[in-house]
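Structure record follows, encoded as structure tokens.
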Amino acid sequence: MKRATPYLLLLPALIFTVFVLAYPLIQNLFNSFYQVSLVRGTGGWIGLENYEKVFRDSEFWLAFRNTAVYAVAGTVLALVVGLAFALLLNLKLGRITTVFNVIYTIPWVISPVVAGFTWKWLLNDNFGIINHWLISLGLIHEEITWLGNPDTALLCVAIARLWQFYPFAMVMFLAGLQAIPEEQYEAAAVDGASMFQKFYNITLPNLQSVSAVLLLLGILWSFNDFNMVFVMTRGGPMNASMVLPVLVREYSFVFFDLGKGSALSVIIFALLVSLSFLYLKALSRREPA
Amino acid sequence: MKRLLALLFLLSLLTVSCGKKHDGIELQLWNFGDLPALIEWVRSRVDSFQAAHPGVRVVQSEKSWNMIRELLYANLTSGTGPDVMNVHANYAAEFGGAGFFTPINTFEDFEEVKSLFEPGLMESTRHGNNYYGLPCSGIAFTLVCNADLFDAEGIAPPRTWSQFREAARRLTKDTNGDGKTDQWGLVLLGADRGSFSYRFAPFLFKAGQDILTDDLTKVAFNTPRGVEALRLFVDMHQVDHSITPGFLAYHHSEVNDLFCSNKVAMSIEGPWFRTIVDQKSPGKKFYTVPVPVPDHMIALYDSLPTLQDMMMYSISAFTKHPQESWELMKSMRTLEADMDWITKDLGGIATTTGALYSPEAERKEDLALYRRELRFARPWPPHPGIISIANNVITPWVQRAIVGELSPEEAMAGAAAEAQQILDGKK
Amino acid sequence: MKRAAPILLMAVIAAFVLLPILWTLSTSLKPLSEVNVHPPRWTSPQMSIQPYIDMFFFLPFATYTANSLIVATSATILTLVIGSLAAFAFARFQFAGKDLFLLVFLLSQMLPGASVIVPLFQLLTEVGLYDTLLGLTLTHAAVLLPFAIWLLYGFFCGIPREVEEAALIDGCSRLAALRKVLLPLALPGLGATALFAFLGSWNEFFFALILTSSDTTRTVPVGIGLFVGEYTDIWNQMSAAAILFSVPPLMVFLAMRKTFVKGLVAGAIK
């Protein structure tokens, strides 16, 4: 009985995970080797043909590059902003900090779909408030077509996502900051350390494990983030902001080629698994208390 | 205590999920379309159907256009979903061909019902030897011209491509003297790939240009005529700068806002335009004219085809009540029901012959024009892959040419090559 | 005086952070003809709360809100219960395959929604849970579990074994020790996890859209999406719905803030 206990405790969670992970994964794996297409009909085994089609598709490589940039740069930036805000909030400035704390966390509470639409309207070239301000301040002469320009579209989506995600990092960092024992700073002060040295030698190392977790989760979640890109640009203009999750939808529900969509899903999964594996290996394993 | 709460909640869930059983026949009607007037119309048709068929309950759901393909595919492949739904007529090839829709020519009174509709429109629901739906709302793409701007400039709506280009050029200006253009001749709806392709295709058709060969096996649009159609837009954007610069990000909403605030003079639209303009600027005046034709084809102005789009009501192949579904569909497509599409603004044009040539139709603004355009209009070729070709091939290549990344020749050649791959099943 | 500079900086930042929300608020009070005009304005002559009223007539938002509440609360409770059991197993036991199981939970976050949706859809349909609140709740719980387990694992690790062992020595059974000793200490951690779970479910759009179909099961995010259609975009009512819809999670967050932070400090940050 004792030996079975942990497995019994895990059982309910495992059942759920099986349905959300194992079953769809197996289905995708299965479909990826068959021709499952509304247009060409469901046919037989075609081996690696779906995978070949994906790798031959220039849209795939474009989406891959975009997703990597969006996920990595976006997450790193969110961590930087989150840390900066956390440091600000950690200054002992009295009760007003609470007000700011709440305000800074609000973007996290907004539905991603609403956030996407709102940012889309802020960035509208003719009717958006951002262009209006930039022109009034004389910073730009003509309206910038933020979402209509292939060069700026992905950046704008990334900014909207940053706005939504930084509170998560900020809250984690703030908790992390507050968990650093005061004695470490006091000892450093006795040794005559400067503020920068304190930050570099005490604050950052203490935040290492939080940062590691945030980085992994942030990249993982951004990689699979469908809502923001879809709502703001649909992957346009001209595929400039196409990312892998939106591409899966393209294959599966616009082309209605589920074989190809499944192959892409398997590729994405394999990619993320390898990434996480390498990442976790590089970190030391978490030990129970 | 917590456990008790959890139990209570799960119980409440169970009751909610259980409380949906219904005795008798229940039909699911999915309505894709969000105009409040349209939703009202469907409701009234459903009410009159239920009054005439007491044993049948119709559950009407509004659905978003945005995810129509996911919803339909997921539901239809699982054998669930609606019994009756309204979809684009060109889904007949895709979904009908794949066996997801019930062919309606199998019903007894089909021929009688079929005779109600404009023949050309009815044909659009056909794929192979079967008909897959009853036409509901006809759409012909036309050019809308902002009356305020055209009248102020003193020019008439264009009929030829040269006039079109000239009008756009003249109506692109800096109205407040601050050195920046703030009014443009033409706006294109570039953000939605499907919608964009629907705005380019009419120009191909008006040039007498086909998209695919008649046997649907080969691409047909990569010809000098096709290139000329593309060059028209390329020159307007690259040389005249008469197309709104941000068009790649525009949906209907942005187009509407620009038009209503007099920042653009022309747009390529359909019968819904009156309704959405009225939502923002009730009564705003604009001229509706046929899509312009190439200069050398002006003699055929009145009979060259534009792009036709159409909605149809279809029956799922997985319905458990095909006969009742057919009855419901018929009751939504009676002459009386169709007259509402004449007298009210529901975003499309009536499709029955009776309604289109009724006295009320003669009195309706622009209806004669739409009626004539619909008579000659052609839909997208009925190949199952045509939506992929329109969305994922034609739109990106055309857009890239317009923004100057490629020449029109390169773009048409590239699009033709990729489309051919789709036709050959290689993509 | 030294405080003024950072406070000023924080105020400026706050203004930027709130910009999108303030703009949504402004849009929610305008008539449709005054939304998106040139030049853009924060206020307009005919502002009123009319959109807030109209939205309830356009779509049955009362139903949608009730649905969102039921689903989010139930999914949260389910996630907490099942997640706690799993996290407890990880934190207090050594057993074969432990690392593998941890990995499995991590991996389950790696398939994009579009890949999962069709199999999930077919599965729910087979067991008759399509278009039910229960089906959606179970789906949300499944999606929220991995992260919840991760969080709770951290919290439980942060509570020294000695506390339970002391209780065991005093004669409590294992279960009683869990209930009387561990849970109260883990309350902040549970609170934090509950907040994450609630927010995740409340704002979830993609699965809710595909896995529900009728008005009676629809949740608010999907309802909000209906304001934006092929031909009509009722921005003002949509903004009103968005503002109203953000209030419950905000209130939950405000109520739980102290516990939440305490929980994070105590546990996940080790």
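Chains: A, B and C, in written order; residue numbering restarts at 1 for each.
Simple rule for what comes next: contacts are C-beta pairs under 8 Å (C-beta built on N, C-alpha and C of every residue); 3 or more make two chains touch, one makes a residue touch a chain.
No experiment lies behind these values; they were computed from the predicted model shown.
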item	value
Chain-level touch network, classified as line, ring, star, complete or other	complete
Result of counting contacting C-beta pairs for B-C and A-C, higher pair	A-C
Between chain C and chain B, distance of the C-alpha-averaged centres to the nearest whole Å	37
Cα-centroid distance, chain A relative to chain C, in whole angstrom	16
For chain B, residues contacting two or more additional chains	70, 73, 257, 263
Sequence positions of chain C contacting 2 or more other chains	36-38, 118, 225, 228, 235
Residues within chain A bordering two or more other chains	124, 126-127, 249, 252-253
Residues on chain B engaged by chain C in the complex (per definition of touch)	2, 5-6, 9-10, 12-14, 16-17, 20, 28, 33-36, 59, 61-62, 64-67, 70-71, 73-75, 77-81, 251-253, 256-257, 261, 263, 272, 275-276, 279-281, 347
Sites on chain A touched by chain C in the complex	3, 5-7, 9-10, 12-14, 16-17, 19-21, 23-25, 27-28, 85, 88-89, 91, 93-94, 96, 100-115, 117-119, 121-122, 124, 126-129, 132, 163, 171-172, 174-176, 178-179, 209-210, 213, 217, 220-221, 223-224, 226-227, 244-245, 248-249, 252-253, 258, 261-262, 264-265, 268-269, 272-273, 276, 285-286, 288-289
Residue numbers on chain B that touch chain A, as the complex places them	69-70, 73, 94-95, 98, 179-180, 190-193, 245-250, 254, 257-258, 263, 384-385, 387-388, 391-392, 396, 399-400, 403, 425, 427
Residues on chain C engaged by chain B in the complex (per definition of touch)	32-33, 36-38, 58, 70, 73-74, 77-78, 81, 117-118, 121-122, 125, 129-130, 132-135, 137, 209-210, 213-216, 222, 225-226, 228-233, 235
Of all residues in chain A, those that touch chain B in their complex	38-41, 53, 57, 124-127, 141-143, 145-150, 153, 233-234, 236-239, 249-250, 252-256
